[in-house]
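Input: structures, listed below.
You will see chain A twice below: alongside chain B first, and alongside chain C after that.
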Partner chain A sequence: MSAMLLNKEKWPDFVGKLTGKKLWAPQGKGEEMRFAPVTEGEAPALEYGNTRVPPKQAVFPQTETMFRFQLGGEEVEVPEPEEETVLLGVRPCDARSMAIVDNLFGWEEDDPYYFKRRELVTLVGLACSEPGLNCFCTSVGGGPASTEGLDLLMTDLGEHYFLEAVTEKGEALLKEAGDLLEEAGDDKVKEKDKKIEESAGKIKRSVDHEGVPESLPGLWDDPLWQSVSASCLGCGTCTYLCPTCHCFDIQDEVEGFDARRCRMWDSCMFGEYTLHTSGHNPRPTRRERTRNRINHKYSYFVDKFDVIACVGCGRCINLCPVNIDIVEILRQVKEAI
Partner chain B sequence: MKTNENPYIPYFATVEDTWFETGGERAIKTFKVVFDDEEVRKNWSHRPGQCAMIGVLGVGESMISISCSPTEGEFLRFSVMKMGKVTQALHQLEAGDKMTVRGPYGNSFPLEKWEGKHVLTIGGGIGQAPMRPVVEYVKANYEKYGGLTMIYGARTSGDLCFKNEFEEMARDEELSCHLTIDIEEEQWGHNVGFVPQILLDVNPSPENAIAVTCGPPIMIRFVLENLKKLGFEDDQIYTTLENRMKCGIGKCGRCNAGNMYVCKDGPVFNYATLKEIPEAFA
Partner chain C sequence: MDLDKLRETAAEVAGRDDVKYLIGWKKGSYGYRIAPAFVEDVEAAAELIFSPLCTANLATYLTLVEKLPLPRGQEPDDRKVALMVKGCDSRAVAQLLAEKGIHRDEVIVIGCPCPGMVDPDLLAEKYPETEEPAELKWSDDGFVIVRDGEETAVPRDELLAEKCRLCRYPNPVVSDIMLDDPVETWEPAEDEGVTEIEEKEVDGRWAYWQEQFSNCIRCYSCRNVCPLCYCQDCILDRLNPTWVNRSVNFSENTAFNIARAFHLAGRCIECGECERVCPANIPLGKLNRKLAREIRDKYGFEPGLEPEGEPFQASYKPDDPEDFIL
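== the complex of A and B ==
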């Protein structure tokens, strides 16, 4: 892994090197940030906490066309995959979530839409120096400078960005920008390590999940599910904006004779998600849905893929309109087992 | 694009024949369909217990169990109850019309493992759809099995599926066939009573036997109880589950019962596994 330095003055030139590829970076104001395409010639600023909408939308769009067809026709047309895209300033938790979700979309059978985009996307990460209030990545296998899922990691050292390539894609990017970069000396490596350590120290929240994957289903009828879900409105924000949530619905849309089959994010917190056509619902209330959400992330997913499907980004806590807190739920779970 | 590269692209199939199994608001209609593409027709292979996503372009898809055994020929059969948007659209289809099919999905009944054993199927209502291919498969390979018993019931004689096959089945000496309806009817020459009770009356021996059941949840509950009374061990009992599904390939998330995806880890489950899943009979 080569380590390089980029003087921030050369940031616009670095971004310029990426011209020709589609660039996505966090855009918007304050807490409203989300990844969106960058206008050519612009150098996005990376001083932000984290985006409200996770960058999963770049590989798993909120709505995407699976194929188009004419009503009554027998031909289906699959849209061409999009062009190569570079995501700038991805937080390590969000990159790690993609590595986690890869397991599911590649389970026994590859999801072609997901992996086509995944191949076309290069993830340039930005280590966190100011973790958010509800960040808890360090207790679920991540960290402010975790490289899992990333192609290249940048760490802000004040005047410079410290760049480390993680994959061949990342190496290629460094090579392309070679003339703008300088070798990072040992002092800079130390400075970076210190910075990351400090940052990890600023993370105040944590989840103790030892023994949880094995024991969670055993708490099936525990009263905690009633109490932790009592205030839930069923809005689905916790799952829509969760970087590891991957559930989708498939619907046909028809306009005249032009039609498309598309898929869109769905949420296990919605009643219709599991509703049988007979009217029977195996998860009839928010109690069962919350129980499933927590079990899925902290037990079922672990059974199948040996990793917790939660990266500790804190979005579900920050954005829940009634302050339901997954860290607190896990604390109660731990207490109950 | 070749369809098999993208599991979401369905194959087109033509309805060759169709008929009603039951009437009323929630009628059950059977479709016998043949794939349009010869290559697909040749390469398709399913096993009893598996399902397929069938649908109408522009309306959607539903997961329906394949109600024929591959031993019956190069066609598929689906028996569909008219319930929601997609099944209503399917009910509009007549011979010559097209539907879309993708699959086959899920695991299947371990029929090879059952060789040498007596196979007992216990079905209720539309739950007979996944039982039928088991019966047909064992019939076609009868020399490999220790016997075949079929118990099938519905509320009324009008609610029984596959009625046109019963006469032949009753004559079949290799098959011990027990039909039942809940309420007495004139000219009904078979049993009267709930399926779990008929199971006790038939009194099958658990020795070297396998029991497979599918039907309404309440029926399954009492069938399981009575199988235990008859001495069947958990691992001798199989059932098949259903849940709402969209993708069929373990991605869309919704069909899980506990840590199992019904579309991939099921729909066929051994009762020894199933009873450990708290959500299985939810």
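== the complex of A and C ==
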């Protein structure tokens, strides 16, 4: 892994080197920030906490057309794969979530839609120097400079960005921008390590999940599910804004004779989730649905893929309208075990 | 407000045999967060609070209950639900009563006269949250923030929520128990947000909402938090026929948002919850207040004031203006 330095003054030139690829970066102001295509010739500013909407939409769009067809016709038309895309300034938690979700979409059979996009995407990460109030990545296997899922990691060292290639894609980017970069000396490596350590020290919240994956299903009828879900509104905020939530629904949509089959994000917090045609729903109330959300992340997924499907980004806590707090739920779970 | 009195009253009500639970506000898990509290036993009443952070309108929980089919031989739980309300929240209860969405004997309304709430986003922006739960109090001319043992006085205008600046009914319009004397009402501010959009040309208005609705992620938090969005069978959930496609794009998002706004015309009581909970920061309050303004100006009607009154859509007057009908 090579380590390089990029003077921040050369950031626009670095971005300029990425021509021919679609660029996505955090756009908008303050809390409305989300990943969106960068206007050509612009160098996106990277000083931000984290985007409200995670960048998962770059590989798993909220609505994806699987194929188009004509009513009564016999042909189907599969949309062409997207062009190469570089995501700039991805937070390590969000990149890690993609590595986690890869497990699901690659389970037995590779999901072609997901992996087509995934292969075309290069993730340029930015280590966190100011973690948010509800960040708890360090207790679920991540960290402010975790490289998992990333192709290249940048760390802000004031005047410079410290660049580390993680994959071949990342190496290729460094090579392309070679004339803008300088070798990072040992002092800079130390400075970076110190910065990351400081940043990790600023993370205040944590979950203790030891023994949780094995024990969670045993709490099936525990009264805690009633109490933690009593105030749940049943909206999709926690799941839609979760970088690892990956449930989808498939629908045929028709306008005149033009039809398409598409898949779109679904949310286990919705009343129609897992609703059977018969009218029966195995998760009939918010109690069962909340229990499912926690079990899925902290037990079922671990059982199947040996990793917790939560990266500790804190979005579900930040944005829940009624203060349902996953850290607090896990504390209660731990107590009940 | 005297919190001891609030908790004593709540404990008394929650302890009654004919009460299932009482819904109020309690401190949240961190910072300025407030969590709805479902008080079933007398002890839990000690957690209840009423402060300038209690923006949430809890009336939505009256109709959000998911009723499962009862096992054979089991009687339904017909006990009452007690609900703490501010002025705006009480209007939701009054509107639900007028629409017969709930019945008067199902609910015990505990009124909290409201001096005005803070805007939670503005508060966190100016006085950043910490992991410790903070407290807010009212003072004579504003708010006092208590964080980590330190008190900061803030003038009222600096943090007062928009919905409260526009508020005309800070005192509960319907209640069984009042926890305090009515507060003195204030001159509601001009709704400049709505006026500003009204003054745009059609193209400008369209462009404004196009940008806003494009950001919608269809999480339906606005619908679910709304005390007056309580259809058992919402058109958005229908698949056969599909009235609104599940696809998330400007066209479908617009269909959803406009359908919701129309369904709330003459019913929205302007509690501002839709706007508060929207993770995409869509100014839904402006949309709903515009329709409320139309109905107030054209028909002289305001919803959520008379629990026994006739709902707007169900009323007819021979002299209703109908100049828009061709």
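Everything that follows uses one rule, which is that the second predicted complex is superposed on the first by the 337 of 337 C-alpha atoms of A that agree within 3 Å, B and C clash if a C-alpha of one lies under 4 Å from a C-alpha of the other, contacts with A are read in each partner's own complex, and residues count from 1 in each chain.
Heads up, the rule we're going with is that a contact is a pair of C-beta atoms (placed from the backbone, for glycine too) under 8 Å apart; a residue touches a chain by one contact, two chains touch by 3 or more.
Predicted model only: the values in this text are computed from it and were never measured.
Annotation for the three-chain superposition on chain A: chain B and chain C fit side by side. By the touch criterion defined above, A:His296 reaches chain B but does not reach chain C.
In the superposition on chain A, A:Gln251 makes contact with both chain B and chain C. After overlaying the two complexes on the shared chain, residue contacts for A:Thr285 are found with chain C alone; chain B is out of touch.
Vectors from the Cα centre of chain A to those of chain B and chain C enclose 90° in the overlay, to the nearest 10. Residue contacts after overlaying the shared chain place A:Lys10 against neither chain B nor chain C.
In the superposed pair of complexes, A:Val327 makes contact with chain C only, with no contact to chain B.
Of the two partner chains placed by superposition, A:Arg118 touches none, neither chain B nor chain C.
Looking at the shared chain after the overlay, A:His209 reaches neither chain B nor chain C. After overlaying the two complexes on the shared chain, residue contacts for A:Trp107 are found with chain B alone; chain C is out of touch. In the superposition on chain A, A:Gly234 makes contact with chain C only, while chain B stays out of contact range.
Smallest inter-chain Cα distance, chain B versus chain C, after superposition on the shared chain: 5 Å. Residues 249, 251 of chain A contact both chain B in one complex and chain C in the other.
Here chain B touches chain A in the complex through residues 1, 5-10, 12, 36, 57-62, 83-84, 87, 98, 242-244, 246-247, 249-254, 256-259, 264, 278-279, 282, going by the rule given at the top. Contact residues of chain A toward chain C in the complex are 31-32, 34, 52-53, 62-63, 133-134, 204-205, 227, 230-231, 233-237, 240-241, 249, 251, 253, 262, 264-265, 267, 270-272, 284-286, 317, 319, 321-325, 327-328. Only residues 28-31, 33-36, 38, 56, 60-61, 64, 66, 68, 121, 129-131, 215, 217-221, 223-225, 237, 239, 242, 245-249, 273, 276-277, 279-281 of chain C touch chain A when the two sit together in their complex.
If you check the complex, the residues on chain A that touch chain B are 66-67, 69, 71, 73-74, 76, 78, 104-105, 107-109, 111-113, 217, 220-221, 246-252, 254, 259, 261, 263, 266, 268, 273-278, 282-283, 288, 292, 295-296, 299-300, 303-304.
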